Amino acid sequence: MSSAVDGPVRGGDAAALPRELLVVEGARQIRDGDLVIVGTGLPLLAATLAQKTHAPEAKLVIESGVMFPKVVPTPVSVVDPRLMHGASRHGSLFEALGGLVQRGLVRTGFLGGAQVDEYANINSTWVPRPDGSQVRLPGSGGANDIASHCEQVVILTNHEKRRFPARCDYITSPGFLGGPGERAKAGLGRLRVKVVTDLCVMEAEDSALVVTALMPGATAEAVLSNTGFIPKFRESLDIVALPDPEEIRLLREEIDPACVYFPERTRP
Amino acid sequence: MSSAVDGPVRGGDAAALPRELLVVEGARQIRDGDLVIVGTGLPLLAATLAQKTHAPEAKLVIESGVMFPKVVPTPVSVVDPRLMHGASRHGSLFEALGGLVQRGLVRTGFLGGAQVDEYANINSTWVPRPDGSQVRLPGSGGANDIASHCEQVVILTNHEKRRFPARCDYITSPGFLGGPGERAKAGLGRLRVKVVTDLCVMEAEDSALVVTALMPGATAEAVLSNTGFIPKFRESLDIVALPDPEEIRLLREEIDPACVYFPERTRP
Amino acid sequence: MHKLLTATEAVARYVEPGAVVGMGGQNINRCPMALVHEVIRQEIGQLTVVGCNLSLPLDMLVACGLVARTEQGTGNLERYGTLFAWRRAVERGEVSVGDHSHLAMATRFAAGALGLPYLPTRSLLGTDLLEDLVTAGVAVEAVDPWSNRPLVLLKAMTPDVALIHANRVDVSGNVVIEGVTSHEVDMVRAARVTIVSAEEVLPAGSFADRPEQVTIPEAYVTAVVAQPFGAFPTSVYRAYDFAEPEVKEYQALGRAGDDELQAWIAANLGDSFEDHLKIRDASGAMREALVAQMGRLV
Amino acid sequence: MHKLLTATEAVARYVEPGAVVGMGGQNINRCPMALVHEVIRQEIGQLTVVGCNLSLPLDMLVACGLVARTEQGTGNLERYGTLFAWRRAVERGEVSVGDHSHLAMATRFAAGALGLPYLPTRSLLGTDLLEDLVTAGVAVEAVDPWSNRPLVLLKAMTPDVALIHANRVDVSGNVVIEGVTSHEVDMVRAARVTIVSAEEVLPAGSFADRPEQVTIPEAYVTAVVAQPFGAFPTSVYRAYDFAEPEVKEYQALGRAGDDELQAWIAANLGDSFEDHLKIRDASGAMREALVAQMGRLV
């Protein structure tokens, strides 16, 4: 995996790593009081960071059936005991994905995927090898359910060309399918998508992804050359705000102190 | 309510009351190992008697969500704490009626009703007054579900003409609907029905009710004159066996010692 | 978030005239009497009351003229007889009724709980019950595309507000119910708003060491009300038995007529549920006996 | 009824070649390792393995050539990577796959649990996932008759035999699971036969004073197997943490190739699960540490 912006990014007093900035920008997508469904990895770090900063009343839902846990660093699985601690309820997948997500009570979901296409569709099922054979991926899990029922989907990912094809080789989880209006036609509700990469932020709402902000130090050219389609750029491009030192401190000291998800970070 | 056979019936050493015989004959319909769904009243007494005699492995299911309780005398409601005691699980209506009854795991159900017609359909919703207005009854409860999904339905009732019309004024719970084949046509599974009254036993399986046995001391004439349709009689009519003294003792001393369901019985 | 309100506040804020009210409890167990008394005190009317078995609290609401419609599996008190006020109001055509089987009601709540427009059932087939539900627009006859066998689709039931009484709740709204839960969990999950009264209200996080034992998580609970004996005269499993003499007294009045019921309710409602409990059981001896009675059963 | 058997007896009696096996557990939690080891020991093959997330036990079965098909939501070990044996077998076309979303699988189990031919979902719409499920004959596109909006009907999934591992079970088959239950409760209720292994097997009636806390009642359980650390190297909530070094070692071998995996399994399987535990953790120190680790988390 290559990252177009490799070095540390200066933010307040601390030098934020590119992937730390991804997490911080992810956290900013969570509104106080939101129910948020996350797996593990950077999305969980982002959601935990949001709870510790601007969204103390944001609540986590984990697809395995955990509702509203108090996360102990650092869970590596949706059934990790560190992710079951202090919860409101330990229930079932059906309760979490049916009773909360499909029921429409979970506003925001974080997703990943091998491919995210121009219309924000996600592929996590299989991708082709150069020789035409298939690479088998893990599959949907709760991703299809989250993309079908949440109001807002946030995707945190490295910005690589192969990750952003014009069209997914397989649509596991629906963004806007073939284009505007298709989601409604398929019977799906409204959705906003925000893709946060180490280069930029892209957004879509019943549309193709539009670049709305650049990461500090990133350029439009870098975005274009690392994207498999030609994204529109919003006229007034924002620059993603740097983390403040407290956010970096929280991430490093409280949220992932053992660097489980930051092998590139060595603790002092 | 009138009963065609009023006095005590001599059985072994004890004089069984007609309604006690009803309960004993009801108990005989339960096979060891059966799951049995019952409400309160005589059916519960019958099921408890079966457990204490020939069917120690018969298990009770209560529609409120109680599975496999150890009954404490004498419950008056499906949510009576006396009916929740020592259970395998306290769950929900959906678990009991969906997860066990509709799932096909409960072989036998006991039902009552204001009307039972020639094809064993049951009405517990409303009946007409002589002036044509309606008497509102309690409604189906779990009865429709039990009659739809159990293999065997047992009805314990007084034998009165108004209770046995040719056709129910309203079909709340399905027996054989309009006649042979109609149950399958409606999408319902196979069913055997046994009606036990103070006069006789009637049975049906994709057919009209047929009198197969008489209560001790009862006559075919009494059955005919207290039934709103003309039932067939099986060629070789059985006489219902009298309870043995132990059954009567269990009923009186252990199962309903306070005569909650036997106001006509005064304890010695 | 702290959700503790008084019954007066919770009902005033969340129960509106004309609302579809999901009724907790069943027969003589865990009926939300304190909350329903408050609805009566505030005279919130034109209600549609829905549940599986509807019993005492429904009959009181009907006796007070606050109910326009019911949708249920049964309306009765089992051994203690029919619901007399409801029966009369239905027979007079003042209260309309949607009759279901208990599984049918549970299925409609489950559909709402899962965010689905309907769920199928194999109950109801072939009966007048089905015909009436189809006419009422809440059931559709369909065919299983795999077997071509008939089944029934039942429209989701999503109450405007659910009222339940529980053993315990924390101030965030995590509910612990002991004994059976009848139709309540899915009803609450399907409802837009839920008010939970409980014997005990505990600090936030009180159940966080045993989250499996939380019957209904806070995600579904809007307001929490503290009311010991809040289900009286019905029972709360492991806390107190139901008060048979009270149920019998109510039923005797119900049998006598609507005027008798209304007079009794007016004389006994009091200014608060605590007040009501004092009117019915000034010394507390009855409640003590019910607690002792339950103690012998569990 | 007393249902206690050895793992050997239970698997021999109830897992047949070609069976549809409902797999308990998820990722690194409460996988039925002892029961799956026994399936491997008895070389019961041509299995269709179904679950929501399939992880370590599936991969071992695949590595041993015992799996013909899987139906699942995901096949992976999250942070510890893909299931290498499964992935290779799928890519070679040796194992066929039915891909679902997790809610779709949970919905299929729920349909089976309720005795229904199907349940609807509003997931899957518009995707290739749906197209493939329609082609496979387990999904049908339909329309909500009330709103005319599209939805998906999913065929009931009713495993021939479900395998789960639990914290506790009594000899009658009443199961107590701590922590999340993933898809397991409905899968068990849908299955024709269920084998439960547990950390502790208790006398009949052990949970009868708190029946609300029984996760799965005996009505659904066919056989009970006593096996402490029966989920090792995956975790059992409140009992022991998962063994990360064991998972990593397995995954390193998985990445290396099928031969490496098979050699490891052959060398470590032992004659019984107790034997296996001794091979992996002769002194018991690892297990002690996992217990201590969990103790610090709950």
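Per-chain residue numbering starts at 1, and chain names A, B, C and D are given in the order in which the chains are listed.
The working rule: a residue touches a chain if its C-beta (ideal position, glycine included) is under 8 Å from a C-beta of that chain, and two chains touch if they have at least 3 such contacts.
Remember, predicted model here, so these are calculated numbers, not experimental data.
S.K.: If you take the chains that touch subunit A and keep only those that also touch subunit D, what is left?
M.R.: C
S.K.: Counting only C-alpha atoms to place each centre, which chain is farthest from subunit D?
M.R.: The chain lying farthest from subunit D is B.
S.K.: Once you find the CA centre of subunit A and the CA centre of subunit B, what distance in Å lies between them?
M.R.: Centre-to-centre distance between subunit A and subunit B: 59 Å.
S.K.: In angstrom, rounded to a whole number, how far apart do the mean CA points of subunit C and subunit D lie?
M.R.: Here the centre of subunit D sits 38 Å away from the centre of subunit C.
S.K.: Using the touch definition from the top, which residues of subunit D touch two or more other chains?
M.R.: 115-116, 121-122, 149, 151, 178-179, 209, 212, 298 - these are the residues of subunit D that touch more than one other chain.
S.K.: Specify, in ascending order, the residues of subunit B that touch 2 or more different other chains.
M.R.: Answer for subunit B, listing residues that touch two or more other chains: 66, 84, 90-91, 94, 98, 102, 149.
S.K.: Classify the chain contact graph as line, ring, star, complete or other.
M.R.: other
S.K.: Each pair of chains that touch: what are they?
M.R.: All chain pairs meeting the touch criterion are A-C, A-D, B-C, B-D, C-D.
S.K.: In the complex, go through subunit C and note every residue touching subunit D.
M.R.: 115-122, 140, 142, 144-147, 149, 151, 153, 155, 177-179, 209, 212-213, 215, 298
S.K.: Tell me, which parts of subunit A touch subunit C in their complex?
M.R.: Result: residues 35, 57, 59, 66-68, 70, 84, 86-91, 94, 98-105, 149 of subunit A touch subunit C.
S.K.: Spell out the residues on subunit D that touch subunit A in their complex, using ranges where they run on.
M.R.: 26-30, 52-53, 72-80, 82, 86-87, 90-91, 97, 99-107, 109-110, 121-129, 149-151, 178-186, 235, 237, 241-242, 294, 297-298
S.K.: Across the complex, what residues on subunit A touch subunit D?
M.R.: 39-41, 62-66, 72, 76-82, 84-85, 90-94, 97-98, 101-102, 121, 125, 133-145, 148-149, 170-174, 177, 182-183, 186-188, 260
S.K.: Across the complex, what residues on subunit D touch subunit B?
M.R.: 1, 113-116, 172, 174, 189, 205, 207-209, 211-212, 214, 217-219
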